[in-house]
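Note that chain A is present in both complexes that follow, paired respectively with chain B and with chain C.
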Partner chain A sequence: MAALVLIALPLVVSSSFAIDIFIRVLLFAFIGVAWNLLGGYAKQLSLGHAAYFGLGAYTSTILLIKFGISPWIGILAGGVVAMLASLPIGALCFRLQGPYFAIATIATAQTLMLLFLKFRDFAWGAEGTTIPNQGNSPLMMQFDAKAAYYYIALVLLALGLAITYWIERSWMGYYLVALGEDQDAAEAVGVNVPRIKRDVYLISAFLTALAGTFYVQYIYFIDPNTVFSFNISVEPALVSIVGGIGTLWGPVVGTILLEPTSALVQSWLGGARGGVQLTLYAVILIVVIMWQPKGLLGVLTGAYHRVFRPASRSLHG
Partner chain B sequence: MLVTVAQAIVNGLLIGGIYALVSIGVTLIFGVVKIVNFAQGEFLMIGMYITFFLATGLGVDPLLSLLISMPVLFVAGVLLQKFMIRRVLGLGDMPQIFLTFALSLLLMNVALLLFSANYRTVQTGYAQQSIQIGPLYFGAARLIAFVLAMLLSVGLEIFLRATDLGKAMRAAAQNRDVAMLMGVNPDRVFGVAVGLSLALAGAAGSLLMPFYPVYPTVGQVFTLMAFVAVVLGTLGNVRGALIAGLMMGMAESLGIQFIGADSGMIVVFVMLLLTLALRPSGLFGGRTI
Partner chain C sequence: MAEALVVRGLSKRFGGLRAVQDLSFAVREGETVALIGPNGAGKTTSFNLITGRYRADAGSILAFGRELVGLRPYDVCALGLARTFQVARPFGHMSVLANVMTGAFLRHKKPHVARERALEAIEFVGLSDKESNLARDLTTIDQRRLEMARALATEPRLLLLDEVMAGLNPTEIDQAVALVGQLAKRGLTIVIVEHVMRAIMAVARHIVVLDHGQKIAEGVPKEIVENPDVIRAYLGTGYAHA
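Coming up: the complex of A and B.
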């Protein structure tokens, strides 16, 4: 039912402003889902996922512009590059725990941004480049109809959720939760912690890179400040926390709340004054952290249990 | 060539004094309260705006406004500990990281709303002067900032070693539970630690103002510098943060001199990644504040 509504949505809604918001919701929910695998289940709070978003975007764009290779191949190549990059980055950053892991990931994303800003022969430097518009050419991931982008984003999100669902129910899911709860205890009972972190980081990086390629194909432009932006690293963490960190649907719920709100706030105020959107985000984040650390999903399920099943307090909490 | 290198080192060392103040603040909060303050740079930003408005509104010299920015931020720190940080202690990594992170986001964007993104500077008589020693130039404002930053650092060190409250703070940093059993009041100690840490950030802001523009996101680069410095200087180690802060300044300055104007931060990040690869416990492993 819900799936049918989602598929029919672009057919009923004609406003391109609305479709644009839907696409952004799907895309950021997808990045949130990718982040949540590492940040939510394994509790490795990365603030550097822009590294993979940017690598994905640059890989497919370089392949497209310099070698004429379709972004459909580029998107997978970007995913592979991101996975390869996650190995050394993970090897370094996983030496640290908690806040210092987060700091180290910030440093890696910022370093990549600075490198892409500096090496202009290799990737257009700070000016970036527009992606040549070839009209409606599905083979080059370019479409006249915004609906097409909507469906791609929908498929990406479905992919991310399916992978999360599968991991949740596999051995890996239990290992992840164990290491998220207490890394030393997990190690003591025989969980191969470094390996499980590496594996989940590979998956998370791969998915994030797909989002990067999709995003630059959608906006027809790439530069280091956009695709390696700190906001790209922050947003998935934000939507996961607000929605419900470490849950399948948390990032989706969080994005549905935050993304349209910020789009509406921006269009009301016409971007006259910067800062309103992020001020709002920050206040929501502080409220959630201090009063409802389980996120919106926690509030909703709590309310559901109180209203419908007062007798059986859920075992899953 | 040698003079160029020496001059770059001098410039880096002088700005390194500011990095050291911010880093000591971060490491002090981490050592005592076990929280990483992502908003430390934003408190420096607030210190800079206080200094700016005192200077342009009332004609107060930036160096004199130290006497206002430090107490104001000390009180802000005590309140921050009392009403926000205290509530998330012991709740795990997520709330502890993202609370101060959200606070940083909030302060930056409220500043943007209030003051716009414009760069603002304060003109002083001594900003353009410099002292020449041999072939080397020392900018007067930077030199004053460095000297005062070092005095404040030494002052903090004396406070931690010679006063009862300072000793209680070190005790709480070494072992919170045992310190509490010995009668240390953790709320009081934590409040003073966060207050002092923010006061140092405020001082850094005031000292920076004569030779650095203020804008809402000015703190970000200082927070990043401080994070690198506290990892390099071993988490929770005040002297380590001081030395590493000075090293960061010199590394950045040499990077700018020899690799290019936009490369200072690359050098700093590479230093962080190398530290993580080769010596993840930092250069001064083992000791806490």
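Coming up: the complex of A and C.
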């Protein structure tokens, strides 16, 4: 039922502004879902996922503009580049724990941004570049109809949720939550913590890179300040925390609240937007953390259980 | 019977402190051995060395013929050595069942199989009525039971119990002693660190006494309680007459 509504949505909604918001909700929910695997289930609070978003975006764009390769191939190549990059980055950052890990991940994304600001020859430096518009050309991931982008984003989100659903129910989900709770105790019952962290980071980086390619294909523009932006790193953490960290639907619920709010605030207030939007985010975050650390999903499921059946306890309680 | 664990010349320093010095002892398969001694004697450090949390400065640890020095804790666990912690460390936000399933996944990757094995371990320690409770909501003794179930779910051949009875009341100690006795009866090799002498006398076939990181005595319980060095360093003179 919900799936049908989602599929029919672009057919009944004609406002391009509304479709744009839907696409952003789907995209950021997808990035949130990718982040949540590492940051939510395993509680490794990365604030550097822009690194993979940017690498995905740059890989496909370079392949497209310099070599004429379709972004459909580029999106997968970007995913692979992100996975390869996650190995050394993970090897360095996972030596650290808690806030130190978070700070180290910020540094990795910032470092990549600085590198791409300098790469004038093959990555257009600070000016960035527009993606050449070839009209309606599905093979090059370019469409006249915004609805097409909507469906791609929907498929990405469905993919992320399916992967998360599968992981959550497998041994890997238990291992992730266990190492997030207590690494030493997890190792004592046989959890190879370094390997699990590396593996989930690979998956998370791959998915985030897919979002990067999609995003630049959608906005037809790339520069380091956009795709390696700190906002790109913070947003998935924020939507997960607000929605329900370490839960399947948490990032989706969080994005549904935050993204349209921020888009509406931006369109109402125009120029003054930056500060207002961030202030609003901060207020929502403080409210959620103070009154409902489990996120909005916790409120909703709590209410549901109170009304319909006795408290059921899942993996995470 | 074959040797399950052979520790030889084990040493570990923390800065100037010699936590464990030239420690040697052996545990035969199916035997229950107690490690006793005053606080700071090096008992928990020895556990941490055996299970790979700390790396030994010198010495060797053979378990079922395999050298453990240099292995990480998860490798040691995979070789069949499971432990509990002195202060219970359950995965607080996970249910009792999920905690124990995490241990069971070591040998069984299919969730339904891991679940069955976990339920068996939970039943064995007597937590069946609390399997869906969150681990952090359990009482002290139940958290200890949970740790034991989680360790058992990894299907160990050798179980290392670090002060599982500390802080329990006399009735609970009797329950814990019965539990350890049942495990021993199943043929499991057990090394237990404990201060509760009543419990040690009930479960241990062999006792190793540590003081200041060194072994000061070793033998069957009756010899140990009459050993003047042990009485002076640990038991106190009251114990010999009691």
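Heads up, the rule we're going with is that the second predicted complex is superposed on the first by the 305 of 317 C-alpha atoms of A that agree within 3 Å, B and C clash if a C-alpha of one lies under 4 Å from a C-alpha of the other, contacts with A are read in each partner's own complex, and residues count from 1 in each chain.
Rule of thumb we're sticking to: a contact is a pair of C-beta atoms (placed from the backbone, for glycine too) under 8 Å apart; a residue touches a chain by one contact, two chains touch by 3 or more.
Owing to the predicted nature of the structure, the values given are computational and were not obtained by experimental measurement.
Colleague: Examine A:175 and indicate which partner it touches, taking first as chain B and second as chain C; both and neither are also allowed.
Modeller: second
Colleague: On the A-aligned overlay, A:255 touches which partner chain: chain B = first, chain C = second, or both, or neither?
Modeller: neither
Colleague: Return first, second, both or neither, reflecting whether A:204 touches chain B, chain C, both chains, or no partner chain.
Modeller: neither
Colleague: Tell me the contact category for A:189 with respect to chain B and chain C: first, second, both or neither.
Modeller: second
Colleague: Using the superposition described at the top, determine whether chain B or chain C touches more residues of chain A.
Modeller: B
Colleague: First (chain B), second (chain C), both or neither: which does A:289 touch?
Modeller: first
Colleague: State whether A:92 touches chain B only (first), chain C only (second), both chains, or neither.
Modeller: first
Colleague: Quick one: in the complex, what on chain C touches chain A?
Modeller: So the residues of chain C in touch with chain A come to 51, 53, 72-74, 77-78, 82-83, 85, 89-95, 98-99, 101-103, 105-106, 109, 111, 114, 132-134, 150-151, 153-154.
Colleague: Note which residues of chain B are touching chain A in the complex, please.
Modeller: It comes out as residues 35-36, 84, 87-88, 91-99, 101-103, 105-106, 108-113, 116-117, 216, 224, 227-228, 231, 235, 260, 262-263, 265-266, 269-270, 272-273, 276-277, 280.
Colleague: Across the complex, what residues on chain A touch chain C?
Modeller: 169-171, 174-175, 177-178, 181-182, 184-193, 312-317
Colleague: Under the definition above, what is the set of chain A residues touching chain B in their complex?
Modeller: 43, 45, 47, 92-93, 95-96, 98-100, 102-104, 106-108, 110-111, 114-115, 117-118, 234, 237, 241, 245, 273-276, 278-279, 281-283, 285-286, 289-290, 293
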